[in-house]
Amino acid sequence: MAELLISISTPDWLAHTIAALVQCGLLLAIALCSAAVGIWLERKVSARIQDRLGPTRVGGRFGWLQPPADGLKLICKEDIIPTAADHILFRIAPYICFCATFCVFLALPFANGWVAVELNAGAFFLLAVAGLEIFGVILGGYASGSKWSLYGAMREAAQVVSYEIPLGLCVVVVVILTGTMNLVEIGNQQAGWFFNWHIFHDPFTFVVFWVYVTCAVASSNRAPFDLPEAESELVAGFLTEYSGFRWVFFFMGEYASMFVVSGLGALLFLGGWNGPIPIASLLGLTPDDGDVFGWIGNLLGMCNFIAKAFAGMTFMIWLRWTLPRLRIDQVITTCLKYCVPIVSAMLAGVMLWSFFLPGGLIAALTRPASFPRSAWERTDSKPDSFPRSAWERTDSTLRVDGMRDNGRVQEEAWRRSLPAVRSHAERGNEGDFQEESR
Amino acid sequence: MQAERAQSDTVEFDVRTDEMLINMGPQHPSTHGVLRVVLRTDGEVVSEVTPHIGYLHRSAEKIAEKLTVRQYLPYTDRLDYLAAMNMNLGWALTVEKLLGQRVSEKTRHLRVIVAELNRIASHLVAAGCFGLDLGSFTPFMWTFREREKIVDLFEEICGARLTYSYLLPGGVTAGPPDGWFGRCEAFLDQFDPVIDELHALLTSNAIFIKRTADIGVLPPEMAIDYGCTGPVLRASGVDWDLRRDGEPICTEMYDGYTWQVIAPTGGRYPDDHPYPPVPPEAVVGDSWHRFYVRMLEVVQSMYLVRQGIEKYSAADGELDKPIKIKEKLPKGEAYLETEAPKGQMGFMIVGDGSAVPWRVRIRSSSFCNISALPEICRGVLIADMSAILASLDIVLGEIDR
Amino acid sequence: MSIFTEPVGLSHFLVVGAVLFVCGVICMATKRNVLGVLMGIELVLNGANLNFVAFGSSVLRPPGTEGIGMDGQMIALFVIVLAAAEAAVALAIALSYYHAHATVDVDRGDELRG
Amino acid sequence: MDTINWHSCFFLLLAAIACGFAVAVVVVGDIVRMACCLVVSLAAVAGLFFLAGAEFLGAAQLMVYVGGTMVLLIFGVMLTARGPLVSMKIGGGQWVLALVIGVALFAVLLQAATSTSAWNGPKANDQAAVPAAAKQDDGAAAEQDAAGQLGLGLLGVREDRLHRQDKPVLLGGMSGYLLAFEIISVHLVVVLVGAAYLARARRRIRNPESRAPNPESP
């Protein structure tokens, strides 16, 4: 886009600035739309669960325009800042909250290559930035000058910091499987039929997915883990003193972060933009078949990804309107006594599994005889069952299968470093390495 | 265990921080009105609880000294506004006791029907609010949906949806309209499966059990000491119900009815029923049992309503007309406690020969139930506070009078 | 020769690191609050970290020259981890200091008894 | 007019934020605002890490420092900041002293930072016009998988040094960080236990029969 502007004799700096602003605007629009649709979904789903109709009139039959109407109403409300509040922090807290969530969208890929910033440490970056959201909540809770808000902030701090551990471990499990933290590559490695999804890779990842769900719900402060704003205990927790526009920002941040954790879950475990059936590659809509077809395929993939993310959000909404809230000690217990040990055990399990059965469950079931070379044979002899493009692209960066890749990199590294670390290797590691790599 | 907790004079903490005094209420979502509870907290742990009441005080007793007993009836609606029929009934029975009147069979059965229907409605509100206070909104909507049907029925017989003023001393304002009993039965028929849904949503829900089992345990002795009554008392294992154990004027109303008093005497509930069993974590007298007792009482009330409908149509005679507006009261006094949904509701009327009582005193069940709050809330977490408060099922209109 | 058009070099990063470091030192010297001192330490560590990363980075040097490579990032990583550990311990000390002295003023804690 | 170097622009922006908020940490008296400024400063430093091509480290900085450390700090602040303790002033003399030392230190560091000409960085004509772009294509080869290299380094394999086989001195002592990694892991465990122990208040048990109100409470 910048090139286009330069070509019509716009100054260089202006062209780049405009292009950057447009892209930011696009991302912001995605973030806001996901929040708006999330709010609408919440209203409709909760209404259905409770035998109500929910919004029916605003903007046509299904109340489509209810979120903007809500927003308009809230913007028109009086903006109240309590006397006891720390004015500056009180004002900036909602924006911190929203900006942190918005920054996550920078690294969230929507389809193969459709990501604002493709980071090598994408998964890690996503977790790190999503964790910043609590900062806004804590500041808001503290700055409100209300005891209830302070309680909300303290709960948020305790809860989210605890849940970052199992959440991070869940991501590590997938990183071990794929051998990369690049989210686009993680998505591409799950291309093909649904049994290539990581959730179906082996029984351990299946368990890890549910741990991830728990932690994702907890880290985005949704019921039954919505303790920071527990309305029946803390009035409204950290939101107690907020009203109007600032409240909207917190609210949007919450829904956008729901979208993010659902999207991350879809990327890590549910195939990302790869549908259960590889329609795009069956129809010949891969980047290999031409730019236009590749673009259409990517568009389909994006729809797929967004559908998965909203399915995740619907699940969270469903949970919220069904379950009572946990108590703070139970929330922490769930994290430290259940989530962390389970995911640690699963981590070890996944390591062992991908060591012995690198191809995943389906490969292990269908080709038990060819162990342990099944992964190699599958990719080499039957490339047609997978979208070619994905394989070829990942091949170019030496990434076909997590284990194979890791093994190869390590092996090469080891080989090349042998003269230097010979003495080290002679202490007993060498044999292992050579055996496993052959 | 809870008693132990209460007796130990210190509460220990791993990480000790500053104590904080917090006003829970009078504007707080889970204090069920304008109750104000002052919490002394250390972190999330509540070390001391002091309820402050009186925000809804309307001089209900004093007003009664200016009005005739029939004129006063609408004021009883405003005591426990979630069970106005039972308040009416308590007042009516007390006045009848003072006047020495007895009502006809038909009136008696009609009273049983509406009183028990209102008990169902009140318990539904209690169950729904319990869910709400634990952070689950859906049970509230579901119970209110059912309560709404009961309220519709009441609207048909008396025109009001909240403050009925229907069961007057001496009789009722008017008989039920045609087909009303049929609609009652239709409601009960469709309500039967809904109870299972409510049990599925709350009673057997793992989180619900974790939040309520062994929380706010009220031992039977303490319950009796504090004058707790109703489901709160019965959930502590005391088998006591004025509909069965009360004064003759109360028990006569239920002559010929078969039903059970729900109380976990000896840790066991009286009857086999299709509802979820008691979870192993639950301790008799805890919040879970208070909820469960109400849920089971709903079923008993349904039996009573069905029997009442049968007996009403079989009964001879007419419905009684209420007493005159300016009916003279005899010299003397009458005190009567009746079993309202939230506990024993007592009215005392002192007559001096005129139509206006010389003195009226109201004994409210919620008032006594909430007085146990500081005892059972010592050392719980803030989140448990709302659970315990919800399990006591208070109504501020009745506490503050 | 505007800074907006020239690529940044190692020196630029080192200057930023120096600013952070000095701010941290002043912060440590001027704050009486235990937590303020702790924040000063964090700033100092970050200034040092920035230098490590800059020295290890390949984009900041003229082509052909070689820095400390991976070592810079590695050491910075260790610093981050150790700083987090240090913060946890320091916070625990601050808490128990607060319990003992009912204040977080470091000047009050001039005796070594707990 | 030369082409704008976006890499430099972002560097300036982030450097300004980092330095400005670092100064704010020193100047501001309120402890919570200090923490807030510190977080912004640290986040900007994480951005600088990204600019220097250390993506993994930038994310780690965000996660561990800004996420973890700051929450710990804020926790401490909230537990301890009460009334007059929130801001504790020191005398003007001490301020002057600290400033003198600080300025002197800064002068030394500044001199050290700018004196070496090789550190002044690549010139605009040295590389392809925009180094940010250059980073993406050829510089990227080295930075491609920084996380993987870091990980291998922790396991004792220095992938980035493999092509330096001509200088065994470089490889010999610095081949990897396995030992450091192990030591730090043990250190972390010790710190965890130690911090948990330190933070526990001494128990005042008046009634030996009584037990903790909620064994599960955090």
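Each chain gets a letter, A, B, C and D, in the order it is written, and its residues are counted from 1.
Keep in mind that, in the parts below, a contact is a pair of C-beta atoms (placed from the backbone, for glycine too) under 8 Å apart; a residue touches a chain by one contact, two chains touch by 3 or more.
What you see is a predicted model; the values in this text were computed from it and never measured.
S.K.: Need the graph distance between chain A and chain C over the touch network, please.
M.R.: The fewest touching-chain steps linking chain A to chain C number 2.
S.K.: Given the two chain pairs C-D and A-D, which is bridged by the higher number of C-beta pairs in contact?
M.R.: C-D
S.K.: At what distance in angstrom does the C-alpha mean of chain D lie from that of chain C?
M.R.: From the centre of chain C to the centre of chain D is 6 Å.
S.K.: Mind checking the centre-to-centre distance between chain B and chain C? Centres are C-alpha means, answer in whole Å.
M.R.: Chain B and chain C have C-alpha centres separated by 63 Å.
S.K.: Could you tell me the distance, in whole angstrom, between the mean C-alpha positions of chain B and chain D?
M.R.: Here chain B and chain D have centroids separated by 61 Å.
S.K.: Approximately how many whole Å separate the CA-defined centres of chain A and chain D?
M.R.: About 25 Å separates the centre of chain A from that of chain D.
S.K.: Please list all residues of chain C that touch 2 or more other chains.
M.R.: If we look for residues of chain C contacting two or more partner chains, we find 95, 99.
S.K.: Multi-chain contacts only, two chains or more: what residues does chain D have there?
M.R.: Those would be 3-4, 56, 60, 68, 72, 75, 79, 143, 146, 158-159, 161, 199, 201, 214, 217-218.
S.K.: Where in chain A do residues touch two or more of the other chains?
M.R.: 154, 328-330
S.K.: So in the complex, which bits of chain D are touching chain A?
M.R.: Per the stated touch rule, the residues are 1, 3-4, 6, 30, 32-33, 36, 39, 43, 55-56, 58-60, 62-63, 66-68, 70-72, 74-75, 78, 143-148, 152, 156-159, 161-162, 165, 168, 171-172, 175-176, 214, 216-218.
S.K.: Residues of chain A touching chain D in their complex?
M.R.: Checking each residue of chain A against chain D gives 11-13, 16, 86, 88-89, 119-121, 124-125, 127-129, 131-132, 134-135, 138-139, 142-143, 150, 153-154, 157-158, 160-161, 164, 168, 179-181, 328-330, 332-333, 409-410, 413-414, 416-417, 419-421, 424.
S.K.: How about chain B: which of its residues touch chain A in the complex?
M.R.: Where chain B meets chain A, its residues are 20, 22, 28-30, 43-44, 131-138, 141-142, 145, 201-202, 205, 207-208, 210-211, 381-386.
S.K.: Using the touch definition from the top, list the residues of chain D that touch chain C in their complex.
M.R.: Residues 2-5, 7-9, 11-12, 15, 18-19, 22-23, 25-26, 31, 34-35, 38, 41-42, 45, 48-49, 51-54, 56-57, 60-61, 64-65, 68-69, 72-73, 75-77, 79-81, 85, 87-90, 94-95, 97-99, 101-103, 105-106, 109-110, 112-114, 116, 118-124, 126-127, 131, 134-135, 139, 142-143, 146, 149-150, 153-154, 158-161, 174, 177, 180, 184, 187-188, 191-192, 194-199, 201-202 of chain D touch chain C in their complex.
S.K.: Which of the residues in chain A end up touching chain B in this complex?
M.R.: Listed in rising order, the residues of chain A that touch chain B are 46, 49-52, 147-148, 151, 154-155, 223-224, 226-227, 230-235, 321-330.
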